[in-house]
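Both complexes below contain chain A, partnered by chain B and then by chain C.
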Partner chain A sequence: MKAKIYINGISSISAQNLDSEANPVSYHKTIFPAISPNYKEFIKPMALRRMSKAIKMGITSAKVALSEAKIEIPDAIITGTGEGCKQDTERFLENLLDQDEELLSPTSFIQSTHNTIGGQIALNLGCKNYNVTYTQNSASLESAFLDAEMQLLETSENKSVLVGGVDELSEKITQFKSLDGQLKSVDIHNLDLLKEDSPGTITSEGSHFFTLSTEKNNNSYAEFKDVSIKNSIQPEKINEEVEIFLIKNNINAAAIDAVIFGNNGDNRYDHYYKNLQQNLFKNTTQLAYKHLVGDYDTVSGFALYSACKILKNGRIPSIMNLNSSTPKKLKNILIYNQYLGRDHSLILLSAV
Partner chain B sequence: MINLQTELKESIIEQLNLEDMEPADIGNDEPLFGDGLGLDSIDALELIVLLEKDYGIKLTDPAQSREIFVSINKMAEFIEANRTK
Partner chain C sequence: MNRGVAVTGMGIISAIGNNTEANYRSLLSKESGISFPEILNTTHKNIPVGEIKFSNKSLTEASELPKGHSFTRAALLGSIAIKEALEQSKVKIDAETGFISGTSVGGIDATENHFKEFTEGKTENNRFIRSQHPGFTTEKIAGHFGITGFVSTISTACSSGANAIMMGARMIKTGKLKRVIVGGTDCLTKFTLNGFNSLMILSDKHCRSFDENRNGLNLGEGAAYLILEAEEELKGKPVLGRIMGYGNANDAFHQTASSENGEGALLAMQEALKIAKLKTGKIDYINAHGTATKNNDLSESRALQRLFGENVPDFSSTKTFTGHTLAAAGALEAVYSLLSLNKQQIFPNLNFSRTMNETGLEPVTELKEKKLDFILSNSFGFGGNCTSLIFAKDEG
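Our next item is the complex of A and B:
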């Protein structure tokens, strides 16, 4: 029998304040930062001083997710990041130009690699176990989950794996997204994102970590059923592809109680979501979240975090509703995401 | 010499991101590594770069840094004796 995987700890740092679901934070920008917690509660000042925001967010959210699951040292740390430590990369490159390629500060170079976040989490915890970082554009977090799924399904022991996704803003590299039309050409209100009929989206940063385990406990949020990634899907095939994923998991569309879509207000690519909204899931509760936290490579972590809370609390925040359908029960939630018509991912969760 | 020590403290605070610290918080004879200020090996690399950039001193023997980076006073003495700018 296939082993089960449970999500026993979750954590989120994003542009929204987690305590004020009823009053979401509104921005009038195409690029807005995540709201920082008090990092000093989680990281010693001497270590904190040289960390970029991605590292600070990563360590803090990793520690919260572990603490929720009452795990001190996980059996693996698996991190997804689309663009890694951009702030240090930028600092290093600027330094390179300013210093005419001489006398470079080592810190920003050392911390500019994508796997710095996972490494720093391990150093902070004193964890010498398996540690891998996946960088696969907007399927980076899902790639990390694929690894975690394989590790947990192949074991007969009780194991706990820390899985998460982190991406940060940086002053110049993030602005490059404007140059190739990834962002809206004018500032808009984030909460109006889904009413937009124009190219591009809005972006932000964040960190989401999850403690997965083969055993459930009193704090379990959900059962992690499956994850799937497809780099490319023809628009007219999207319903079929989702059905194939559902069949693989012995479930059909009617048994899905809510779908969390990644609509990001980009009228060039939101048709993937709209096709599903109008066909396979036309009678299903449809939810969205990128109007709250922007779009970035590992933002689906916010969808997963939200799905965990919905399944545990049995309540959907009204700000996420895309349609007026109310689920009769909240047993199965599907998350579908894509970016620029690529990196399509599906995650299926079930209540415990 | 006193000016150089204050200048060094300001540079170290800035270069090593010692947030919430003022030059007055660093004692001239306080150990920079270990139990004193608590700097680490990455900081040592930053200090080597600082010596070359600000004072034109190139450390060719890494072991030399152990003797120089003992305290602010030791660093200031070494800079006074070897600076080229």
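Our next item is the complex of A and C:
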């Protein structure tokens, strides 16, 4: 029999405070930063000074997810990041261009590689185990989860895997998103995002880490059932594709108690979600989250984090509701996400 | 029994040739691809590199891309290598065909060209805005070949390509895919050339891997991909070789430098042997990471001595031909390892004259005919990322 995978530790750093779901933070911008925790509780001040926000957020949330699961050294660290260490990349690139390739300091180059976050977590923990970083736009975190699932199921040994997604803002490169239609052309209120009928979205940053294990414990949030990634799906085939995924997992749409959709207010691509909202999941409780935390490549970590809390607490924060349907029970949650019509992903979780 | 995962196609483009045959001829004739930059628009015209002497324009024509396309140079190189691999394997592209590509900087060549325009708010070349992010390059290639299913990118610096091969092999083994294209691509960019230059680890000469007087690496560019297929898909198809083992570990020592005793490298090699169920004595040849930096070659040599003791197998670094192609390196060297298995030849380590004082290890410096059953290939990267792959001759 296939072993089960449990999520035993979770953590989130985002543009929302974690404990204020009744009073969500409101922004009137197309780009807004994540709210920083007190990094000094997790990282030595000397090291902290040299770190970009992605590294700070990554190490901090990794440590929270591990301590929740009471794991010191995981058997693998698997990271997803769509845009990597943009702040250091931007710094090195600007210096290079401004100084005409002369007299460059290597510091920001050293920290610019996409696997800096995973590498720095390993260094911080002293963890010599498996360590890989995926970067596939909005399927980066999902790629990491797919690898994590294999890490746990390839062997009969009990293992724990740390898996997470991190993306940061940078001053200029993030702003470029307003030049190719990725962002709304005018500032809007984030909480009104889903009422928008215009192209583009709003963006932010964050870090979400999870500790997975084949062993259940008292703190287990959810069972991680499956993840699927498809690079492109024809719009009219979306219901069919989701059904194929459900069949593979021996479940039907009626048994899904809530679906978390990635609607981001971009009227060019939200039809993928709306098609499912009106068809396969017409009678299902529908939830959304990007009006709270913006859209960025690994933001589905927030959906996963929310799903874990919903399954553990048996309660849905009303700010996430897309329709008025309330579930009779909370057993199975499906998460669907895509960005600009590519890098589609599905994640299925169950209550433990 | 562990038969490993079958490789049914391979393709490559590097500074020593734009297909497998051309690469093989250069390896046989000890013809290095190191030169001075002519295509890369850099002020550092005196730093030797492993440059592919085709402009983006001629690469575009070779792949018959439409005008106004947004392929990065890494996507252009990748497409050429994949085309060759697909022609060899005659694989069908369908929903169960995956694609996993390793790249370190993706399309940052486009970003560095257009960065100033973008900061000034100019939108003329805005189709290249997303190209900075590695997934964009992978997606361009996927679109070009009609791959719609599982597509992902690994970016673990210089071990990316090797990690992509490992991930693909695992997905075949666990039944998640029936066939998968795996490998890596990276082009020369001002970003990486200046990055390594600022670290002062670029040689001003042809790089001298494992030599006492080595003084740094030559940066290169290239792309290489393998087609991996599940056993039931083979149906009598020729198999070029098998991926028997793989291992990844983290040195957890320093963001860029390797530990002096090569701990991460040792752990990665041990894991690969464990997965392959092989004893150290079975390894006939090692295609080493061998970048020719002071730090890497010592660390890697120490790891080899710790693992193999007095009996370090034949080894060489083919980076003396191609330069260090970063994320593509593990994939290029996978192609060379498979060539070695098929031709039963070890390709030499160029520019070597004196063993390192610390280790006394001597690489293979002339073409060597030898019975080769198992080859180990190392790839190490920033962030302490260490990966080892083991390739085996197909037993038919």
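Here, the second predicted complex is superposed on the first by the 352 of 352 C-alpha atoms of A that agree within 3 Å, B and C clash if a C-alpha of one lies under 4 Å from a C-alpha of the other, contacts with A are read in each partner's own complex, and residues count from 1 in each chain.
In this text, contacts are C-beta pairs under 8 Å (C-beta built on N, C-alpha and C of every residue); 3 or more make two chains touch, one makes a residue touch a chain.
Keep in mind that what you see is a predicted model, and the values were worked out from it rather than measured.
*Asks:* One more residue to check, A:Glu236. First (chain B), second (chain C), both or neither?
*Replies:* neither
*Asks:* Which partner chains sit in contact with A:Asp147 here, chain B, chain C, both or neither? Use first/second/both/neither.
*Replies:* second
*Asks:* Pick one for A:Ser105: touches chain B only (first), chain C only (second), both, or neither.
*Replies:* A:Ser105: touches chain B and chain C.
*Asks:* According to the stated criteria, A:Gly118 is in contact with first (chain B), second (chain C), both, or neither; which is it?
*Replies:* So A:Gly118 only meets chain C here.
*Asks:* Does chain B (first) or chain C (second) touch A:Lys177, or do both, or does neither?
*Replies:* A:Lys177 sits against chain C, while chain B stays out of touch.
*Asks:* Which partner reaches more residues of chain A, chain B or chain C?
*Replies:* Of chain B and chain C, C contacts more residues of chain A.
*Asks:* Thinking of the overlay built on chain A, is A:Asn131 touched by chain B (first), by chain C (second), by both, or by neither?
*Replies:* second
*Asks:* Would you mind listing the overlap between the chain B footprint and the chain C footprint on chain A?
*Replies:* Residues 104-106, 110 of chain A touch both chain B and chain C.
*Asks:* For the complex, give me every residue of chain A touching chain C.
*Replies:* Contact set of chain A toward chain C: 77, 82-84, 89, 92-94, 96-97, 100-102, 104-106, 109-116, 118-120, 122-123, 125-137, 139-140, 143, 146-147, 150, 153-154, 172-173, 176-177, 179-180, 182, 229-233, 297, 342-343.
*Asks:* Can you name the residues of chain C that touch chain A in the complex?
*Replies:* So the residues of chain C touching chain A come out as 42-44, 99, 104, 108, 111-112, 115-116, 118-119, 121-123, 126-127, 129-130, 132-136, 138-139, 142-143, 147-157, 163, 167, 170-171, 173-174, 176, 190-191, 194-195, 197-199, 248-256, 263-264, 267, 381-385.
*Asks:* Under the touch definition given earlier, write down the residues of chain A that touch chain B in their complex.
*Replies:* Residues in contact with chain B: 45-46, 48-50, 99, 103-107, 110.
*Asks:* Quick one: in the complex, what on chain B touches chain A?
*Replies:* Against chain A, chain B makes touches at 15-20, 38, 40, 42, 45-46, 49, 52-53.
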